[in-house]
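First chain A sits with chain B, and in the next complex the same chain sits with chain C.
After this line comes the complex of A and B, so read on.
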């Protein structure tokens, strides 16, 4: 397994790119440590698949370098890079048995049959497919086929990185959950460097130690799941992660304070000075609560999502979501909203514009 | 408009795909069919849409037997998981196609197409071809076609399954409003419990070709009538364990026991199954008569706002889901607490016989 470094990567699908809009990847600098679990998260068209193809060697970047353990592999072919990939749809040989499918990548490397046997059994046991080793792959259910695909990706110990490209797309939700847990468990056991590409926040956050959030060819934030949830540094991250995403309220900045609808909003810390732009107060629904005092609002909609309620309240023409575990108000009710100060921030042109109190000291 | 199914069945090659089903689906709210792939949702929709013939039973629309009527004569719309549009036609012509087939006047077609396009924010794209649209826009085109047609019934078969996570969230939020007040019976198939809860209305839970429970969505979530319904309507999966009741005491694995309260206290001695959703098995103490479930942590997931842990108590695997960040170590022995007030009790034949006093969340 290897440490992976992406240095000043830029990529354009055009022969003579001009402005930044011609680039699918704009300026990517990353360091991924050996044995980590990483996710690339973003909507369709954000550049995550381009980045994956560059790492795997299927695509030559317009600019920049890729290093495995500090060794430049930019010009290396996919085979030379020694990586394993698991795709959206299961890639297995239907006519072969499960055993032969799992053994295939090892036999390709002329591994001794005794070793092959022990490794196949080890992986099959981890994936809980050891009871189907002698079955032909053709008869398996879609989720078992994808499990075997994952097994083929994980069976070799000598790969530099295992990459997963939306591997759970074809899996039913209730099985998704099981496979996701399985993958996480496998990572904890094999400690391979793994990169997981997805548009699904739940998959990214549950799988990865560190998530790279991408938008329009740029990285907007890199952080642990907790960091991305607790303190998004960009409104896109606030919006994209969390269901519903972060509330954004138009605000005015006066005398070092933020005002929404002429009410002063208490913030996590001091505003970063300088710069003009569109200011918004950002607060996640999880940190909005109801009280006797606070911003006056009217409840537009209440959804019982089972383990909590999602309440949509309206102030003027601004919609604010709140998540509460119990005592949800009724539709049409007049309520008072409170924002947890430590989770209330100002974003200027999308980027965070408040500092943590500690940072100001 | 109403759709009524009477003893409807479907056989394929001698196998029963839909077991005798009786349902009344009404306009004015979403009718959700929730179940895993293969549960029979699409089969049932195809029967209602007239795309398949039932083996026995009848289908009534507004009291009229339509069992033998063709799809065209039933005046229905169908939106699939895969974006079905005519590639060679513009978005306008795609939305207009069923109206043209119906021989509607040109001016009326224009009016209806524009109205539908406005609702689905496609106005600026009417001249484009589907190939030039994003996945979300293509699916909105299919939805606009269903809206413009003003059908008696609209069948939405996992229409958001192939869309990006965030897009799904936005469209799902708009869907109930799109069809509100149109008088059509709207049937929505999904495999995601949370989606059913968010759409509200009424839900039919499906498993193995049967509708196991049907009623107002939130009500059946809180009152599953049998163990299968509880399992279909829970993600992550509901915790299930075998227990023995003696006196007014329940015991599990011979080591864990608790005092029964509410209607569970009057259950006669014998073997039962208990079920409790993961969000009521918590890693900390809350007020109440809690049952200590200490176990070894096997898998942990952290999604930013929620933490889950899978742990083993005796031979039973349990799942806990708590809001906030709880750093678990894999392999450690951790205490979890379940509140019996949130438990469901089932007799050996799977029927719910009692539930804890607060098993409403």
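After this line comes the complex of A and C, so read on.
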């Protein structure tokens, strides 16, 4: 196990990259703590699989270095790096039994058969596949196949990092949840560094201690699930995480205050000065409430999603979502919207432009 | 109630007619001939299973059948491993892919009798490129019309040249259909090249290889034109394979009854071996 450092990584799939648009990864500087559970979250094509393949050594970065415990491994092969990776589609060796599949990485490393046996049984028990060890792997269901793939990753005791590349894509929804909690449990047992790549926020937020959000080859925010939810530092994070995502209202900045439709919006803290670009007020639907006073809006749609109501209200041509537990207004009704001040921020060109009150002092 | 569309039969009819005329009716004619004796003039005499009995006890038939199995065995033993090896060595992406594919497909596009004629000229001892080279440069005594060994080596080389491509193309198709993740996983699992071949590539190629072996078995077992043009079955009877012997009996000696019986046995052997092989290969498939 090791701490993993990515230093000034850039990667392009073109032989002679010119502009930033040629790069799949633009400038990645990142530390992965030893034993941490990380999720790499982002939409398809944001570069997360590229980053993963660079860490595992399947891809050589165009620029930058990868360090395992401060040792440069950029030029090392996957075998030398001693890592494990689980792919989107389960990879199993069809002609082998489940036992031989799990034993394969160990046997390739010339491990003693007695040790192999104990290790395979240990992992099989952990994954609850010990009753199918003598079966041919080809005949298994997709979720069991994926378990075997995971098992091959975990069977080696000394792996530096275990990486999962959207491993639940082909799994039935009702089994997804089970496998996800199994993974979390495994992480607590084996304490290996784990990196979980996904575009599904639920998967990322339930699995990880730290979530790394990526967009267009850049890291936009790193934080705990709570931090990402409570204080997204980029509109992309606000929009990508949450259901529905953060509301964004066009606003004007005048004399240190933000105005939407000529109404001053109370913010969490002072504005960061400087920088030009489009200003937007961002607030999550969870922090929008209805009151006697406040911004006047008309209710366009009310959706009952079970646990709560999602109310879509409209001011001018800007729509604002609000989440309320009960007493949802009727469609077409006139309402007054209130924003929780501590969760109302200004974003300038996408990036957060308000400071927390303590920091501003 | 489930609606039934009796009209659908009309759509199947053309195919039925086609199959009847190109397979069933000729086949029944052969069956008809195989149990009778004829001397022309549309005179037929009932013979029963006599022809079959005679044929199955004839040394000539045994010899031809033996040569046939030997030929098919040799070319399969060469073409399958060679084809797989070439497919493994071919590039998977880039401009060279199409170049390789076209080069590989070329021999298969040449008509059979032309292949026979080409190799015939190629191997002529004094003016053929190969024949001249072997006799006059290397000093090997090579003459296909005199030495059975030379004739055999030539027909084998010709078939390998003509048909290895088929195995290559099928294996290649099997290879490129393997997702990258398998190779990546194997790399991470620390698998050797041999292990990658044995546990990933070979199992994934199993279906196409089964088809390749079946096709090559059937084609080589029924081979006629190329060998007829190249050696005519000689020297002596040394390259008289089943089909060549069959034509000799049917058209050379005009023994239609025995030839028909031989056709049926020939067909039955091809069918039986193909069926056995396919069933054995597929018994573990789900």
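In the analysis below, the second predicted complex is superposed on the first by the 361 of 361 C-alpha atoms of A that agree within 3 Å, B and C clash if a C-alpha of one lies under 4 Å from a C-alpha of the other, contacts with A are read in each partner's own complex, and residues count from 1 in each chain.
Definition applied: contacts are C-beta pairs under 8 Å (C-beta built on N, C-alpha and C of every residue); 3 or more make two chains touch, one makes a residue touch a chain.
No experiment lies behind these values; they were computed from the predicted model shown.
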Check your understanding: Clash or fit: how do chain B and chain C relate after the overlay on chain A?
Key -> fit
Practice item. Between chain B and chain C, point out the one touching more chain A residues. Key: B
Check your understanding: Counting only touches as set out at the top, which of chain B and chain C does A:314 meet: first, second, both, neither?
Key -> neither
Practice item. Tell me which partner A:91 touches in the superposition: chain B (first), chain C (second), both or neither. Key: second
Exercise for review: Pick one for A:75: touches chain B only (first), chain C only (second), both, or neither.
Suggested key: neither
Exercise for review: Considering only the touch criterion stated at the top, classify A:60 as touching first (chain B), second (chain C), both, or neither.
Suggested key: neither
Revision key, fill the gap. Rounded in steps of 10, the angle in degrees at the Cα centre of chain A between chain B and chain C is 70
Review point. Closest pair of CA atoms, one in chain B and one in chain C, after superposing: how far apart in Å?
Key: 5
Practice item. Using the superposition described at the top, list the residues of chain A that contact chain B and also contact chain C. Key: none
Exercise for review: Flag every residue of chain A that touches chain C in the complex, lowest number first.
Suggested key: 53, 56, 58, 77-79, 83-85, 87-89, 91, 93-96, 104-105, 108-109, 138-139, 149, 152-153
Review point. In the complex formed with chain B, which residues of chain A make contact?
Key: 43-45, 172-175, 177, 180-181, 184-185, 188, 199-202, 205-206, 225-226, 228-230, 239-245, 284, 286, 303-308, 310, 325-326
Review point. Can you name the residues of chain B that touch chain A in the complex?
Key: 36-37, 134-135, 164-167, 169, 191-194, 197-198, 200, 218, 221, 235-237, 277, 279, 298-305, 310, 321, 323, 325, 330, 361
Practice item. Would you tell me which residues of chain C are touching chain A in their complex? Key: 179, 181-182, 184-185, 187-192, 195, 199-200, 203-204, 286
